[in-house]
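As written, the chains take the letters A, B, C and D, and residue 1 is the first residue of each chain.
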Amino acid sequence: MTQQTGKSMFSVQFIAAVLVALIAGVAIGFAASGLFAPPQQQPQQPAGGQPSVSKKVIQIGFTLPLTGELSSIGKIWEKVAQMAIEDLNKEVQAYGFNVEFKAVILDDGTSVEKAVSNVQTLAQQGIKVIIGPAASSQVKAVKSFADSNQIVIISPSSTAPTLAIPNDFIFRTVGSDAGQAKVLAALAFQEGARKVIVFHRNDEYGNAFADFFAKEFAQLGGKAVDMPYQAGLSDYAAEVNSLASKVQSEKADAVVLIAFDTDGGNILSHAAESNVLSSVRWFLSEGPHGAAELKTPAVGAFAAKVKLLGTRPLFVANPLYEQFKQNLKQRFGVDATVFCDNLYDAVMLAGWAILRAGSNDGNAIRNALVEVAKHYYGVSGWTIFDSAGDKANQDYGVWAIVKTGAGYDFKDVGVFERGQIVFTEEPYP
Amino acid sequence: MRKVANILEVNSVTKTFGGIVALQDVSINVPERGVVGLIGPNGSGKTTLFNVVSGFYVPDKGEVWYHNGGNSERIDGLNPNEVFAKGIVRTFQIPRLFKSLTVLENLLLTPYGQKGEHPMKAINPETWQEEEKALAKKAIELLKRFGLVEYAHVKVSELSGAHMKLVETIRGLMTPARVFLLDEPAAGVEATAAHNLFRLVRELNANGYTFLIVEHRIEVLMQYVDYVYVLHNGQLLAEGKPDEVVSDKRVIEAYIGDANA
Amino acid sequence: MIDVVGFLISWLTFLGIYGILAISLNFESGTSGVTNFGKAFFYGLGAYIGASLTVYLFLLLNNIDVSKVSPFDVEGIVYLGQFATKNPLLNIGLFILSLLLAFIVAGIVGYLLSYPIIRVGPAFVGFTLLSTGELFRIFVLHYKPLGESKGIMSIPHPFAWIPNPTVRTALYLAVVLGFLALTYFVFNRIYNSPLGRTLRAVRDDEVAALCLGKHVPKLKATVLFIGSGFAGIAGVLMAFYLGSISPTYDMIGPPITFNVWAMIILGGMGNLTGSILGAIIFTFLDRLLIFVTPNLGITVFSPDYIRGFLVGFLIVAVLLFRPQGILKEGKIETLAWKVYEEEVKGEKSG
Amino acid sequence: MLPIDQNTILNFLFYSFFYLLFAVPLTLSYRTTKVINFAHANFITYGAYVAVFLNGLLGNKSLLLASLLAFLVSGTLAIVSYFFVFKPLEKRGASMSLIMISSMGLWIMYNYLLYMLADIAHFFSGVNFVSYGRILYTDVPEITIGSLRLSSGFIAVCATAVGMSLFFYIFLNKTSLGKAMRAVADNPVLAEISGIQRDKVITFTWLITGGVVGVGGAIWTSFSGTVTPTTGDAMILQVFTIAFIGGLVSLLRTGIGAFVIALIENVGISLLNAWFGVPTSFRTFLTFVALLVILIAFPPLGAAGGLPFRYRKKRGGAK
């Protein structure tokens, strides 16, 4: 054992050295970052006016859930964001704009406070358009800062109805859940369900979606029994068990699951083991779409047994989306999950809006964004915004889990047209 | 019949801890301005009796009376802070001073119900400055009298064992209390310091303070106390003047019996 | 270029709010020995009291029938947005009312909660308060009149009527720093008073303090009253700054408490200036690294993970470097020092 | 009809065994080292992720191999935390709360480190590690008694929990190292004097704590539908609640606490849901209520101190 004081002396010097290195590193980084974010106002056009070799760099901010509860979606979004920025730059330069967009991607750990400090610090670097945050509670927290400092926030996944507020700086490239609940209700009713248990996350997303669904389903003549579950747990075996006994006691003929991907996958893998839950129909919201757990054999077989169907925002037969899915798989090895198309279009809209505004003024960019969205048909279909800054018309598709050569996979099997579901193919023969 | 009025009376106190009888029907009296010793072999119940008087334990049976000038009141069942408020100060076998505070601060802490301890007044120093000044003068007086003044700003944790015992004893003088309960003052201190402490006790006694002292080192205690009670297995074995008790067969037997048991 | 003024305003606002939490927690757990793991509970309680009161009253005073238009649904939120800039006096009045009520209610709840934790050891005191905090959060998550899982939105900013955002946020920063100064003043006064001395004694040895006539349960209740009251004020300040409150785990749950604990330990337990220093280190580094990590050009993993890793590393490194925290516990400056000088020194030189 | 069916009982046992594997080592670690360790959550997650990486990168299907490696990885993590952080702090007189906060710093560091590792593994293998599905192991048998189907995960966790309990019982009571560990826990000063190398005992305690919890994490991947880098964090409050029921002192009471909390979380919630319509989202609410009731009803005054007597309202002491 080294001599006692020697040991502690050594560790003090060691730690002191590390600390000094840390601070020095930060200082250098700080200075270096100054270089990376060249001043927005003075473009580097040389006085002579000929087309300069170096392009004008414009930064777009991203605050994504790379850790925390939504990290599984966040990680895929990070790749979609990189691809979107690359495609945007190719497109923009093809039109002769001497501009290069650069992504500044920050992790907000699905936490409210980190989202606020990310948005504030990005704005203070001169960034005027920020994609994200993902959760509605985060968007609400950044709203007052964004509105007062004219920072355009485009969230690809926040669907809370309480954020549908006209002329503010919050835009959402995904339709509100009211529309999707209508489609899910129609799907369940059309498939013969009359009494369903609505098993949903107990957060803003889950509660709002469940309320809309209950209203719509009642109008169609069905009965919806509300059953919230605690979100953010490490496992849901106990919840699935209560669901099974509820299904028995209420004699329900279907379960409507409103969840994100991690808890959705967890619940379905436990439900597959319960014969009570395997004897009723299952209808899902868009959250679990794309979750790896749903492609496992156990859940795949369960889906076939209960003829599992889900809804999700989708422009069916949209060639751009199929192309987008291939690109993402081929370049980043990742399957497109829910909200990926909305994120991709959000980046495109942001780029073109900045170019159209031609200045770094937040208000000008906001107005330009509304105009650009009117004529833009992207991977997520028409991107026109309604008066509250949300995606105006949003079509919805129906997806199922089908057995393919290499195991199970997601497949879009139908579309919601003029008030009812039209199946393009029969998923469960 | 005792001619001097008693200040502290313990009447047939019994205390059991889940079946084990710690005290069985014990009665002792401490005369005003007296110095009374309480001895007994290990496990004889002397510390338990001490804790009953100072409010740590509630006796199962019996009473503890405190005759302070005209009015006398029962103090068994009171909480330790209420017993202190009545004017009975206790010390501990291992001195329990406040480590993060200095000697002066430990003294200043002792007076009961200082104005500055009320949250609303604490914020406004004017309300308690005068009282603090007076207490500080008194504390420094005491420190000078017992030659501890240069330790005033020393953290208590840095004091020697003997000094700690001294500080714990004299901090009681900061209060109007007249009765001192000393728990083995001579424990863990060499002979000369122990004798100094007991001489201090006599000196204070001369100024009108009353003492009840639990002590294990009988040879030191006997030279300084007027009256002694002997406890054995939770019962009162003997009582009397120091020399009577020392020569009492039953006491010797109890101690010897205890020695080779 | 980097908008340094904007950076300072937003960072200092967070610093101010966390500083209030850090000073009050340092007083509770550092000086008085009441290990409080439920700080986020009183912070959330204060925020909810201020926010819900303001949102309801705001609609009522603008004669909108709250039973029909709930302040948590879209129409209510839109009304709140429209009326925000109409009547400055109303905004400021409700803001002050929220601060007062939050202090009193959070304080009383803190006072009452001191009862169950009297006989329990420090580690248990912490977890009892933490559990109570979680009970409150899960209850609010299900309680319709408080906005359920939607939380409370578009809380009218006290200075909403000032058009220029920089002036508005600078003024709000002034208010926050004002409260930080008030917190420091109050706790510093108590720290350097007989009460401060008694509380440190209770921390060092409860039993001995009790035997010296100190009413330990009442003292602990007082400590929790004052500490929780100021936590309630911090909650109101954050609610009005963000303009929204959601009952999520990270917003009013244990992560807030753990952050504040890291600050007071970093800064030095029992030292109020240390708490502010801890808050500075904790909040500044996180924001500063935002300028650095995204540009590191690492592709094998998200570069921003380094920012989180460094915050954790900083806590461990500083603690290893200074195992007692950066600043030591100061001495109690009361008049006794002057008397000591006059008496002893005077005599020596005289 | 009682809303308790076969599955509820099965879940209750599942959770009891897992809580046993996670909470008992926590009590052991606090009892011996006096460190409230938040990095305990990482021991669980790293154990699980050893199994995940083995399955994702190398297609390993053996739970035994995964558990063994998980024991080593989480065990080493615990020892590293002790050697580089807790020990230097302890030696230089850091307080209990300070060491607890240092464990929080470690918790944050280990979390982000795991996210980086998951990213790097994804970079090379293309498999998404941030949320990983349930792993089907082939080397653990599946037993069906009558209609009751005991999955391989159940057998594994049941065997390990029982094995751990037996091991702790025998180890702590019979072996010299075990007795030394108890001595260090009950009376560190005495242990020091009687020549027990405290350092060796403490290092061994951390190895066992990290190891057993890591094995628990590895088995968790066969039970839980999805494993994410925050799996351990979402459970840590429950695990601490159980350890507190055991008074952070007695392993037996912690074991009982594990069953009590599992009972409340599974059977309790479904009863309340069926009879009083309490939404299942009140599940964690119940756990905390249970902790409060236990702390107030009979406060564990053991190692954690507190006023040694019930503070009495004044009886009519005065005349």
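The definition used in the following text is that contacts are C-beta pairs under 8 Å (C-beta built on N, C-alpha and C of every residue); 3 or more make two chains touch, one makes a residue touch a chain.
Worth saying up front: this structure is predicted, and the values here are computed from it rather than measured.
Colleague: Counting hops between chains that touch, how far apart are chain A and chain B?
Modeller: Steps on the shortest route: 2.
Colleague: Which other chains touch chain A while also touching chain D?
Modeller: C
Colleague: Hey, which chain ends up farthest from chain B, C-alpha centres compared?
Modeller: Measuring from the centre of chain B, the most distant chain centre belongs to A.
Colleague: Write down the chain pair with more C-beta contact pairs when B-C is set against A-C.
Modeller: When the contacts at B-C and A-C are counted, A-C has more.
Colleague: Can you check how far apart chain B and chain C are, centre to centre, with Cα atoms defining each centre and the answer in Å?
Modeller: A distance of 44 Å separates the two centres.
Colleague: Could you please state the distance in Å, as a whole number, between where the Cα atoms of chain B are centred and where those of chain D are centred?
Modeller: The mean C-alpha positions of chain B and chain D differ by 48 Å.
Colleague: Just the number, please: Cα centre separation of chain C and chain D in whole Å.
Modeller: Centre-to-centre distance between chain C and chain D: 31 Å.
Colleague: So which stretches of chain A touch two or more other chains?
Modeller: Where chain A meets two or more other chains at a single residue, that happens at 11, 66-68, 75, 202, 230, 232.
Colleague: Where does chain C touch two or more other chains at once, residue-wise?
Modeller: Where chain C meets two or more other chains at a single residue, that happens at 138, 141-142, 207, 210, 216, 302, 305, 308, 313-314, 320.
Colleague: Please list all residues of chain B that touch 2 or more other chains.
Modeller: Residues 79 of chain B touch two or more partner chains.
Colleague: Can you check the complex and tell me which residues of chain C touch chain A?
Modeller: 1-4, 6-7, 10, 14, 72-74, 77-78, 81, 138, 141-142, 148-151, 153-154, 157, 165, 168-169, 241-244, 246, 248-251, 255, 285-296, 302-305, 307-308, 310, 313-314, 317-318, 320-321
Colleague: Which chain C residues qualify as touching chain D in the complex?
Modeller: Residues 29, 35, 116, 118-124, 127-128, 130-132, 134-135, 138-139, 141-142, 206-207, 210, 216-217, 254, 258, 261-262, 265-266, 269, 300-302, 305-306, 308-309, 311-316, 319-320, 323-325.
Colleague: Which part of chain C faces chain B closely enough to touch in the complex?
Modeller: Residues in contact with chain B: 186, 189-190, 193-198, 200-201, 203-205, 207-216, 222, 226, 270, 329, 331-332, 334-336, 339-340, 343-344.
Colleague: Quick one: which bits of chain B touch chain C in the complex? Just the residue numbers, please.
Modeller: Those residues of chain B that touch chain C are 54, 79-81, 84-85, 90, 92, 96-102, 104-105, 108-110, 112-119, 122-125, 128-129, 132-133, 135-137, 139-140, 149, 152-153.
Colleague: Under the definition above, what is the set of chain A residues touching chain C in their complex?
Modeller: Its residues touching chain C are 11-12, 15-16, 18-19, 22, 26, 29-30, 32-34, 36-37, 39, 66-68, 75, 78, 104-107, 109-113, 116-118, 120-126, 137, 140-141, 143-145, 148-149, 160-162, 164-166, 168, 202-204, 206-208, 230, 232.
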